[in-house]
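Heads up, there are several structures right after this.
In the two complexes below, chain A is the common chain; its partner is chain B in one and chain C in the other.
Moving on, here comes the complex of A and B:
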């Protein structure tokens, strides 16, 4: 019989030790990854599908493109809408229709596509503007006449006419990032999900579909570097899941559900900072003027007086959002101080009585989201208060966004909708969807005003802020006078980030990834 | 046996064909236009029409069905028009995450359900037996998404023992397993109850069998009788139950993937339905249907090989 001279490890001892070690590892406190100042983990609401600026499908794709492709200008972080040069040493408006640019030297494309030149600028901007390319973003550069190349790095952007949104919602957006002409042509004219010829402050180094996208600092970027070495972008659709992910230490930045803002503000997670940013989006109740009973303008007016917008917004947004006066948010030219037709249920009853209407039943179509349902239920109660019975019809997004389309068969049954559009920081983005040409496209109220269409066209070319202010105020007055609109809110965006992270955000809370920095 | 196998495979082909037809019909009955949803408000009607043409939606329904049907049998599930990637590639990228989730769920249900069922049978009528009975019904009754949310709140948010979201660092098996613990618990917990009850019932039956009485008469230790001679027989119906359970776990996986923000087939299909991304919906559901049918065919063939009565009755 022999004995082991060394320590004896029985199977049971080995298993219990391994189990204890595993448990200890699992139970160890989990730290936010940004605490070492190297990696930032942020949430985006959808995964990327296309890395071609001309055909991008979502805002998160644009956020990534602005980080991996150099552009002439980008939004500056802060509370005021402003831009800063990124890929240029000169970017200057010479007159209403001419912009001069000079690229920074040494901006290189990856994958062996050489240096960025003025020829690439010409190719990129004209490519989006060219109707033959059928870019959904052609409108961003609708005023572009041509880009004139002066030398390797400089050129002139010539416009067909003055273009007021140029510096706010065209140049700093993903519609103005610069691609390599040679790379795009080598790819057959269109880029797919994986980018080629990257040139920005970051490089997209990993994409695991539906799981994460990793941006890594571009080692060849010779100018101000991005704040973090790596940015991990996690596609999380549900804001509540993202909030839990933040509280569990898996995220460093997310925006929150509006319903969570008050809770998070009163009781912020450990190491978390909660803030609110004014959104530019606009939410309204639309009345289809071509469908009874709303083909009667007085019935439309009665509904305008019947809806208590303050109660609707308070209930739906948990007191975090304010009511709106139109489709143009505070801070932009054309924002109105007050609506024309406020809550006055007595006046609503009077109008209905004058029209001899009783026992009226209407339908309200909404998207199946909780705040919309809450808003719709308050509207339903408001309408019941003046004698109108309202049936709420919930739709999933795939159905909802086709309800008013003239291609479908529901537009002539659609009576009321509770709708929300997102916005760029120029008032023309708000008015664009309600011109007569948009009837049956996105103008589901079928609001038809030639004067409104003319005002929209004037606003696009008018560069005097005071005159633009008048134009857009008048445009919203016309919308409201038609009786087709009850303006509700611009919403609010809740932001949640670690105290170890200095966030780089646009005034409306949208992220500017390269401007995030460790504290 | 060969005759049985051919008949069983033939039936599988019919099942897949019927599933494809039903799937195609259901999808096209849903209102909504995928091209408008995909392109958003900036798209002109001409662009929407062009995308509809690229997706083949401008063709008669029977042509679309034939294209889908004929392509599917050759393994061509089409192109996902938004990202321009093959549907099969997109689906196969997500499939391993769902399979891992289901495997994790099965592991939880087997690791907890079988010992609990055994214990309840061996201590029949005791407090432990009654407790297992109550707990089994309780975990069956609680929906998996409720389990998912509470598990996340307790273990990820409050205690911070486990991660809340994602599938873990690619290439880091340990991290991926850590990320699998909570979602797989959510998927598998309900099955702990089913399995515990099934094992208990089978064990009670087997423990009364003559060969067990013989083993006792020979003086074999009770532990050896229970786990070696009784459980090995009593577990067979549980294996069959688990085969059927995979289909139900696929449904639970959708909730777990959404709550834990994990990639996977469930979430892929959910997103694709919302955006009316028809090629992706049909491709993903077809792959999971085929997977389910294949698993059941294999199970049937194994049972057929073991039990000749099954072959003769088919």
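Moving on, here comes the complex of A and C:
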């Protein structure tokens, strides 16, 4: 029989050691990461997929891009919509159609792509505007005629006509991000998930898909630095999960579930500050008019009458949000007082009977979030009440945001979606996604109205607020008359952050990462 | 020929004798009571709960237990008592249905592997081991990705998870019995393989596997609840214990009653079937009594 000659670790010794180690870890002081002013941990509702401003898929990608690429302007933090220059020393409107810019000197691109020049500005803006590039954000620069390069750092942006959203929803967004012409061309004309030639206050130094993205202060950024040395962005789809993460000390900032606002306000977590911001986002049920049974406009109308939006919103947000009348929030030109087609289940049943439809079965695709699931279940019950059976399909964010894409193969099966778009403070940013050119891009309802497209174009060049109001009200009427939309809510934004962090937020609560500071 | 062909092992006792021995064991009585309670509640759900399990009433959300709502209400104002009882139907339907199907497939494949030619045995063992090597959740995710979440997906996952285990046990016992004298005698008398398996082998291998299956029922219930919790199982608004738990998880700070309503039946059912299965095993094979 052999004998153990080396050191022997007994089971009891192993257990006691492990127990002591565990106890020590549990008793060790748990410090909020932001307290030392080095690392800020924030939640975003989706992971990044594309680090190219021309093809960005979600608002969190835009948030990151504005931190890692210099842009002409960015939103200023505060309760009023305002902008500040970031990559420029001069950015001013000379007349309705001319904007002068001068870049800050000494903004460098990483990866050896040299200094940022006016030529890069020309390339970046014209690239988004060029229809051949099929950028979903071409509308942001639809009025762009050309960018004239005056010298290395300055130039003129020439517009074809006056452009109302320029200073609200174009220049301060990721559509004014400046990329390195040489870098993009070296990448074949399009950037992927890995950013190239970064130039902003931060550098994206680590990306672990579905786990975290790390931004680190750019050592070559010669101007005002970001507030934290590192920003760790954790993609957490479900806001309720993020709240738990905050309470566990894993996050310093998160949006909360709207349904949690009242509870958190009454009982904020230790060291947490809860606030509420008016949201511009819009949530709606979309019906794909190119897929049966919604190729029948009367069936679409029946669904509009069948959904009790008040109950849906009350159930999903526990009374914290109110119903919407369209895609344009109160306070913006074009906000409507009431929808055209309200909840009327009897009328829905009548329409279905007139159409000779019975035993109708449809699918509703949603993002896998508790609020969306709750809303979807009320919609399901509403539809069942008028004789329509509805199957709810839950999707993770990666799947959900490609469902209606013409590049995929699901758009011709997609029937109903419960969707939410974030919004910039100009009504054109809402209508931009529903014009005919957006069919199969972001227009998943495949709503196809030439009049709507013309109104959108008019709204972009009209600078009279009263006229813009009329234009956007009519545009939403057309959307609703098509039967493709049931407008639900603009939500509200709940913010939860540590008292050791001073948040940098847009008026609607969206984060401006470089403007977060340690207290 | 040997002077005395050994007899097949004694058959299991009659139902009455089994029950008498079962009722002598306190844990067995406790397990049986819980199983009867759970099964009875599921079968008579319509009588016991007057509320419609899917009826939504948002104004009544998060109500605590009361005379009107014995377990309170969830975030949509649905009666949790009704949802738990009707969810029990789904749990038991999946558990019993898929376990029986797994058992039948496992027995047939195990008999074939154990009694058939060596090459066929090797192939089947390879298949069993390959299936067994998949982690349950990964298998569930793969199937749901292919076919979408549904009750059928849950049943298929359970069958794929359970069949290899049953088949392997049956195979081992069949191999042991294949060389026994009474089987050899039947072969020499010209009995067909099908008859030998049906008449001489099956009755002697089926007892232990049935007990094992009864002990697997709580595992299956946990699989169903787990898949529904992850949104991979039954679709809303069908009530399911896992879906109730998920609702409770999402709203635990608003109301703890939802998690309790979803969790307690899973615990009770697991305890009931486990105690019952262990007692039955002890009754049929007293040598194993007291072994975990």
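In this text, the second predicted complex is superposed on the first by the 309 of 519 C-alpha atoms of A that agree within 3 Å, B and C clash if a C-alpha of one lies under 4 Å from a C-alpha of the other, contacts with A are read in each partner's own complex, and residues count from 1 in each chain.
We take it that a contact is a pair of C-beta atoms (placed from the backbone, for glycine too) under 8 Å apart; a residue touches a chain by one contact, two chains touch by 3 or more.
Values in this document were obtained by computation on a predicted structure and should not be read as measured data.
With both structures placed on the common chain, the touch criterion links A:263 to chain C but leaves chain B unconnected. With both structures placed on the common chain, the touch criterion links A:315 to chain C but leaves chain B unconnected. Looking at the shared chain after the overlay, A:361 reaches neither chain B nor chain C. Contact with neither chain B nor chain C is seen for A:106 once the two complexes are overlaid on the shared chain. In the superposed pair of complexes, A:391 makes contact with chain C only, with no contact to chain B.
Of the two partner chains placed by the overlay, neither chain B nor chain C lies in contact with A:412. Which of chain B and chain C touches more residues of chain A is settled by the count: it is B. Common to the chain B and chain C interfaces on chain A are residues 238. Taken together, the chain C residues at the contact with chain A in this complex read 54-56, 58-59, 61, 75-77, 148-149, 231, 235-237, 247, 250-251, 253-254.
The touching residues of chain A, counted against chain C in their complex, run 238, 240, 243, 260, 263, 311, 314-315, 318, 368, 370, 373-374, 376-378, 380-381, 391-394. Residues 26-27, 29-30, 49-50, 57, 134, 136-137, 139, 190, 192-193, 206, 208-212, 234-238, 241-242, 244-245, 247-251, 396-399, 401-402, 405, 407-408, 410, 421, 433, 441-442 of chain A touch chain B in their complex. Across the complex, chain A is touched by residues 30-34, 36-48, 50, 82-85, 90, 93-94, 97, 152-153, 156-157, 160-167, 170, 178, 258-264, 267-268, 271, 273-276 of chain B.
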